[in-house]
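All chains are identified by letter, namely A, B and C, in their written order; residue positions are counted from 1 within each chain.
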Amino acid sequence: MIKVVDLHKKFGKNQVLNNLNLIIEGGGIFAVLGPNGSGKTTLIKSILGMVRMDKGKIEVLDQAVKTNWKYRKEINYLPQIANFPGNLRVGELIRMIVDLRQKPDNSEELIDAFQIRPFLDKKLATLSGGTKQKVNIVLAFMFDSPLLILDEPTTGLDPAALIQLKKCIQTEKEKGKTILVTSHILQFVEEVAEGIIYLLEGKIYFKGSIEELKKQTGQTNFEHAIVAIATQKDHA
Amino acid sequence: MTKILPFLLVLIGLHAHGKTIEVCKSCPVNSLKEGVATAMDYDTLLIQKGTYKEYNIVVDKPLTLLGKNYPIIDGEDQGEIITITSDDVTVDGLFIINVGTSYTSDYAAIRVVKSANFLIQNVVLEKLFFGIYLEKAKDGKVYHNKIIGDAVEEFNSGNGIQLWYCNNIEVSRNIVQHVRDGIYLEFSDNVLIENNISTNNVRYGLHFMFSNNDIYQGNTFENNGAGVAVMFSKQIKMYHNTFKKNWGTASFGMLLKEINDAEIANNIFEENTVGISIEGSNRIEYRQNDFVSNGWAIKVRGACYGNSFSENNFLYNSFDVSYNSKLNDNTFDGNFWSDYTGYDLDKNGIGDVPYRPVKLFSYIVNRTPETIVLLRSLFMDIIDFSEKVSPVFTPDNLMDNAPKMKKI
Amino acid sequence: MLKILKYSFYDLMRSRWSYVYFVFYLLLGFVLLFLNNDVSKAVITLMNLIIVLVPLIATIFGVMYYYNSKEFTELLLAQPIKRTSIFLGQYLGVAGSLSLSLILGLGIPFFLYGLLRSNAIWDFSLLLVTGTFLTLIFAALAFNIALSNDNKIKGFGYAVLLWLFLAVIYDGLFLMSLIVFEEYPLDNFSLVATMLNPVDLSRTLILLKLDISALLGYTGAVFKKFFGTNFGFILSVFVLILWTIIPIWRLLLKSRRKDF
């Protein structure tokens, strides 16, 4: 599904991704983890083609990212910070994205599920952060695509919405989708993710299931396991 | 007109007394020369339609040469065609072509030499060198003729209507095109030039040299090499003429050089490179003229004193007035300037702030002509404005203290 | 691309600024015409304004729109849309709405005034065409600046500087060099210098219509050929088109290489 070979990316003098290799086969939920500045968002944006790689190769669904843009039809993306054009209304935004992608959508169900129907006529600039994030989620889940990329999906959500989100993720997973998630909420990661991709200093430091992670670090607690893997490097 | 009318009546009266000789190809008299030879004083030669290949026709007695349906007199490029040496001659309704070109003699289609009381009218001239040449003639009239030349260069072409040492002549309602100078006056006084249309001439539409007390009015001068030149003359009155589209490097609507005590009123200067170019001309009154869309409405090239400009309209000229010195002895008063941006708080129709028609930029262009490409640039506007506030390069007393708020 | 253009355009049509711009030109047109009662004078005044204001407004507006629609851009970048389409669409949205405001804002008062019957119509049409070109050029330059500067303040600063340079300073330097080197033949230099600045170029185009009488007063053969024949007009329009295409082309190139 996703194949990353030899990926390098520098921002100025800062080498963010350094010879990163990653292969994700289809199906399942993968959490991309790592300390701040480890290159999680850069990796995701590289996969989306928003960041141009310096060196290396990325293929999504067997299509090269560099020269292509049509592969993005098969990706639903939830950006980290829900920034929207302020003077659009929520309803208009949803209709616009539907219009741009020309794909069947289930936005109506999602609007009800996340209870944003009352806000459809409101301008995006007037919404609270949480509501914006709900709109963000609706936009990310409303199409039927084989790959979902969720960058910090839980930001600002209330518990009810969080439960909805988890439900959505589960439903998508049952449909056999591949889902990439980044999150700082480890509890959430533990709950939904099957595989862990741990980034450190621009490289994949660990890739495997949660069980494997615990086993490798000798920890029984997921949180501790994560902390342990971050410090393991120093001992090694 | 009133001067000429009595002698016209005399002419008509005389006709009644003379007899008419018919000239045509199959008539007993079949050439003009023969006609002139056989005619008695005050006879009329009635020339029928046809082509007469003749030149050097000397009319040495008072006759009327009247063409019917425009007979063609073809000079076959041999020389002068009709020379009038007698008083009281009328030439009417002829179509004269192919005047000989020479570098030594000024061959003309019709020449009047030292004669008085002549009338040349309804004549059409084509393929000519000089058209109508009046030499030391007086009390005559050149009326309603059409002169169409094919001049390209100045050196091998002649003038449409030329007056040399003439007195009391009327030149009116003529059309002159494509010759060197449309109408040329040298040492000719008391001449009235009226309602002529002089266009597309190689040099000047009208050219005055050393001629005094003349009037020209109601004429149109368009697209001539350099417009109208009035030089070394006194007491010229110029009224109601139109000067249009005289474009080019050394081109102008009107050039005044060494002209004193003239009056220039109610003329229209439109789309000329320079409306009026003035050099060494004094005590000239410019009144109620319209200067529209000229490059320079008035270009003063120095040594001009005691001129007054009043009640003129200066509309959309690239430059209204340009001076090449800091001295000014001319007055501008009560003109309308379309570039004027002042106000009229007391509502008396006169702007409360004086207008300075000379821009610094015109000064710069005089010095470095290529800077013309910066015309109407914001930078230029800014420095023009600062010059306006405190004049350094332009004459500081040159301003219109009573600019009109509305077009006159 | 057309869809992006459509949404950018809608977005702009909804923003207050398009209307401010439109109303400004509308008022300007009415004031000039009905206070002056003279179409020729109004056209000349307008020319002075268009040469200076249109670039300023297009620059400021272009930079502003780019920074303000950053979120929108990022949203679009994750969608299956070609990058160049996104930027070209947005650019055309801005330039298009500005041009429309200009054409309608000035066109309506002149139309009501009865311009169609006046012979100033060609001068006026040329004015609008030049204004549109300037809008296209300066909006493109503004997008270029904004794309190269993530810092909003810096971007604005450069944009205003660019305008100031092309509208005023350039001509000052130009004039100075003409005066300093006045002994040398300057025909070609001055024409080339004119071509290198879109503001001067547009001004020349209008001069060819309004001030041809003055321009023909200069002796140089090169000038004569340039101003005296259609050559000058055609060349100016051609270079103006180049001035439009090159910044757009660079804009697309730059957008393809940028990280978001």
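Everything that follows uses one rule, which is that a contact is a pair of C-beta atoms (placed from the backbone, for glycine too) under 8 Å apart; a residue touches a chain by one contact, two chains touch by 3 or more.
No experiment lies behind these values; they were computed from the predicted model shown.
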item	value
Any chain in contact with subunit A as well as subunit C	none
Chain occupying the most central position, where position means C-alpha average	C
Separation of mean Cα positions, subunit C and subunit B [Å, integer]	46
Mean-CA-position distance for subunit B and subunit A (Å)	88
Complex contact set, residues of subunit C against subunit B	38, 40-41, 44, 47-48, 51-52, 167-169, 171-172, 174-175, 178-179, 182, 186-187, 189-191, 194, 200, 203-204, 206-207, 210-220, 223-224
Contact set on subunit B toward subunit C in their complex	247-249, 251, 271-274, 293-296, 315-316, 318-319, 338, 364, 367-382
Complex contacts: residues of subunit A adjacent to subunit C	11, 45, 48-52, 69-73, 75, 77, 79, 83-88, 96-97, 99-101
Touching residues (chain side subunit C, partner subunit A) in the complex	3, 7, 11, 14-15, 69-72, 74-83, 257-260
